[in-house]
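After this come two complexes, each holding chain A, first together with chain B and then together with chain C.
Here is the complex of A and B:
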């Protein structure tokens, strides 16, 4: 057993081979999976990876061996058949698309289980192997490739990875157009059907290449998880493909390390890590993440609350010249809730408001400047609605109360040009 | 033969249990599956079934190999996976299909991890956990069958009690929401029922084949009816029959001699029987089946061909000014198939003369009806839809064959029809609005 030293850690060569095999499978699946996720075909990947079972069994029965050639052909044929049958059932049988997929792949799987239970007399082609694979065993079966002894599975998956990468690079434009605008693709003379079945062939080939080394469970997970994770992290297809490949490779490495640490199934662990990555992305993605969305919402709520508070003080000082008692101010901002209290404290801290001589809350000069901007937007919008849009003056307050938070400086200036009046419909001066 | 007799007379206690269990399971799954299929959630069962595995492993850690604990664990994780899918769909840009596929792959991977850890513990061998993936219907014991019976009763009661609510949910969710029904709760309840059904059935038929029992009977029943009540009954019948026949076949049919297997695996056989019923329904169902569809298409094509022939022949008579003048197929505007011509003759609409064919009076009447429909439609398009006269011919070509009598009557009323003399043998044909010199 040979040992290597990487970054101060001693790593067994077998570990490297296993990780490389798992990573090749994960990245192959991740690349193709991006298009499945975008085309809303994720479940077809799931269906195909289940349905190739009878293809494998028949290929094994016909050829009498587990050599990759016949297996590949058999699985690809059944994979494409699954896609064809599913769409055929939903088109001609008028079965809903998801049900037709469910009918087709479960039936094919049942056929596969029966065939395998008959064929599995003298070979370890059992359904368990297909489901879980045995990536831990790959370094035991070495073949020389270009002068290097490498696991047979890795050589096989390496070819699949190359083919998938080449297909994505060469047909990038076609795949992109068919994904995002199939009608445009058709008018440009790109056959959406050809791209679709090409994609299905790739999925089937990837599934079968992976099944004996890593198991179909990893294929199902890797066909969707990296693509979905990448989809949450970017809005560009090229970047999405890079991210998916990176995420998939990372899942393979981390999953392998964790599986060794916990002494458990490598394929299962990689799938679990991939799910974990997705959950992480769903929570923490900068653009799409749930946390980011909540933060943005909170920020917006705080801004609206602050601007409302400024408006309250401005009108108060405009009326009576004086401020508002600290207690009343607190109870009126944000309904006196936690957000409102935080906003009041923050406004005092940054110097928008200050305590007056009698303990009342007053606007500072900076606060006055900012609040007059808000009120100006409010009253300009009221005047505009009343004079230009013909809205009854008694009804303009509510819409203006909402719009004041979204008016930019340039928008206020344009409104000022449109509205010639110097006062709003209620007779108050526009600041 | 002895086996068959033993099976059919239910003399064997074990066979009786398995047969009863599989039949009940088929019925229960079909009832719930009908709503899942109609709600377009049929593959949620797939996610739920796969998510059961980590639940089973977790329960194993907590409570050991107690069957009830394993079921509770599976149920909890099943509901978790359903919630995961709903959450992902509601809060991220990821679509439902990817969310379901994620749940399938991720949860199942987690299950494999946990069950392998469980097996590595002292005393935790594979037995009991593996069964859940492939199912061992043949080794069902009476406790299992009793559990399935209880679940089937619960599911049947639930579907009966919530029939109206689920119906509304499946067919018009938005309407249900405006009527104040808790649609989200109902959705989750439906998924919960799918969970119960899946989890109870897992030990018998396994993950993938449980999905089949949910979907296939319901999808097959959909071919036979457009009404929910009959569909539920049919699906239950199909599901029950699949379970029963699958078990019977697996007990009776011997495995191929070349193999060492003792018999056909029961779970896959149940699914194959269900698939057989599905295929038979798809082909043979009276209205939505493929054969019925084909017959309808062929009939329509023949009727259109015949009506085109009659119309062309009649219009040739109009052009030459002599309706009695004989014609050959080559004289007509559109190509005529020999078969169409033969049918026209056989029905007494046309008859062969010395110099060619002539339309019989019946044929002329039939042709006049078609042309009347054609020209009325043309007039309607020109006068009411403001379409240019030279654009209306093709439109009318297509619709003339399918205009019902009521529409023709309505067209006549609107267009102040030409025919005011009441019904006649040969209906009056309005002049073609786009013929040379016509004034529509």
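Here is the complex of A and C:
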């Protein structure tokens, strides 16, 4: 048994072969999976990877061997048949697309289970093995490729990876336009149906190539998770494909290491890691992630709260010339809640407000400048609504109270040009 | 927005084809012979016979479910014909694909697709590239120019879901320009767009007409038909009428197309138009 040293750890060659096999499968699935995700057909991958079971069984019955050639042909034929049947059933049988897909693949899967149980009376073709796979066993079945003894599964999946990569590179433009706008593609002579069934053939071939070694659970997960993760992380197709491939390979490595550490199913662990990556991306994606959205929302809430606080102080000083008692200020900003208290503390810290001689809260000169901008927007909007849009002056305060937070400097200037008055409808001066 | 002339617009005038001469010296763009289309057992278009002129702006109008979009799809070979045939410039569709541009309804595509505005416009060039060949620098330049023509050059790198409805429609129009076709089919190009975009689209359509292009558009706003279009097709599963707007867009024909469904509002608008001596 040979040993290598990677990063100070001793790794068996068998481990490397297993990880390489799992990664080849994951990346192959991840690449074609991107297009399934974009076409909202993620579940068709699931359907095909189950439905090819009868194809495998029939191929086995006809050829009498488990050699990959007949298996691949049988599975691909049934895989394409699944795509044809489910789209045909929904079109001609007036059945919703999801139900027809569900009916077709469960029926084919059931037929496959029956056929396998017939075939398995004579030899071992284990349905459990098809589902869970046995990637741990791959290093036991070696074939020489270019003078290197490598697992048969890896040689096979390597070819699949090459074919998938080549297909994506060569037909990138066609896949892109058919996924985005199949009607336009078809009018241009790029047949959406041809590209669709080509893609389905790749999915079927990838599934069957992966079955024996890694099982269908990993295939189904890898057809969906890396593509969905990558879609969250970028808004360019080419980058999405790179990210999906990277994410899939990473899941294979990390999943294998964790499976070994926890002594559990490798395929199951890799799929779990891939789904974990998706959850992480959904939470932390810079553009569309839940965390980023919450941060933006909190930022907006804090800004509105601060601008309201500035407005309160401005109006108070305008009326009485004095400030507001610290206690009352605190209770009025943000309703006295946690956000309001934080905003008050922050405003004092950055020097927007200061304590006056009698302990009251006053605007600093910087605070005065910023608050007059807010109040100016508010009153200009009130005047505009009353004089230009014909809104009753008693009802302009509420809309202006909302709009004041969203007016830019240039919009305020344009409003000033439109509104000739120097005071708002309530008779107060526009600062 | 500043709109340049047809030459700057990259639309080069083409000579009309005199061969398939129609009425009054105008060339024929589309001929539809006895076309019937059915979804399942329900017919959507029934025995439609139609000849459309070349170099004109053609509106297809009719009530909801009249088969307007289906007629476009039937002409473009996107739905199977139960009977009948279609010729374009006197040829079957597969011979003239390069001459045809298509703008589908905006809702038919996924605007969350990972692509920017320029990428969408670039797709207009895919037809002439054919299979496998990738768009090059010249295609990219042409696409950028088309974006400029619809006033969207500043949004070239913007992911398409971050565009407003009107901006999305302009990107679609720019993609149609990039197709550089002789005959365009547009499915509701004015649906859900703002006033500025509507003006911009009309401007582009007029420049297309000046350059000898034909535009066939499904249109839903009866008020603007006489202002925007030259030729009108009234459809309600069957062909009700087809001809120049002045002669065909009449109350009687509208009443026949819309049945009792022509609203009081439409009638009043029609009366005002007639009373005021037209637009």
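Quick note on the criterion: the second predicted complex is superposed on the first by the 428 of 431 C-alpha atoms of A that agree within 3 Å, B and C clash if a C-alpha of one lies under 4 Å from a C-alpha of the other, contacts with A are read in each partner's own complex, and residues count from 1 in each chain.
What we mean here is this: a contact is a pair of C-beta atoms (placed from the backbone, for glycine too) under 8 Å apart; a residue touches a chain by one contact, two chains touch by 3 or more.
The structure presented is a predicted model; accordingly, all values stated were derived computationally and were not measured.
Asker: With chain A superposed, do chain B and chain C clash or fit?
Answerer: clash
Asker: So, A:188: does it touch chain B (first), chain C (second), both, or neither?
Answerer: In the superposition, A:188 touches chain C alone.
Asker: Examine A:244 and indicate which partner it touches, taking first as chain B and second as chain C; both and neither are also allowed.
Answerer: Once the two structures are laid over each other on A, A:244 reaches no partner at all.
Asker: More chain A residues touched by chain B or by chain C?
Answerer: B
Asker: Going by the contact rule set out at the top, does A:231 touch chain B (first), chain C (second), both, or neither?
Answerer: So A:231 meets both chain B and chain C here.
Asker: Considering only touches as defined above, state whether A:174 meets chain B (first), chain C (second), both or neither.
Answerer: second
Asker: Who does A:94 touch here: chain B (first), chain C (second), both, or neither?
Answerer: Both chain B and chain C are touched by A:94.
Asker: Check the residue A:42 against both partner chains and state whether it touches chain B (first), chain C (second), both, or neither.
Answerer: It touches chain B, and chain C stays clear.
Asker: Between chain B (first) and chain C (second), which, if any, makes contact with A:218: first, second, both or neither?
Answerer: The first partner, chain B, only.
Asker: Touching chain B in one complex and chain C in the other: list those residues of chain A.
Answerer: 40, 92, 94, 231
Asker: Any idea which chain A residues touch chain C in the complex?
Answerer: It comes out as residues 38, 40, 92, 94, 170-174, 176-177, 179-181, 183-190, 231, 234-237, 239-240.
Asker: Across the complex, what residues on chain A touch chain B?
Answerer: It comes out as residues 36-37, 40-43, 45-46, 50, 89, 92-96, 98-103, 105-107, 109-111, 113-114, 117-119, 121, 127-128, 131-132, 217-218, 220-225, 227-228, 231-232, 259, 262-265, 267-272, 274-275, 278, 282, 288, 290, 293.
Asker: Can you name the residues of chain C that touch chain A in the complex?
Answerer: 40, 73, 76-78, 94, 97, 100, 102, 104, 108-110, 113-116, 119-120, 123, 126-127, 129-135, 159, 161, 175
Asker: In the complex formed with chain A, which residues of chain B make contact?
Answerer: 37, 40-43, 45-46, 88, 91-95, 97-98, 100-102, 104-114, 116-117, 120, 130, 133-134, 208-209, 211-212, 214-216, 218-219, 222-223, 255-256, 258-261, 264-265, 267-269, 271-272, 275, 278, 282, 288, 290, 293
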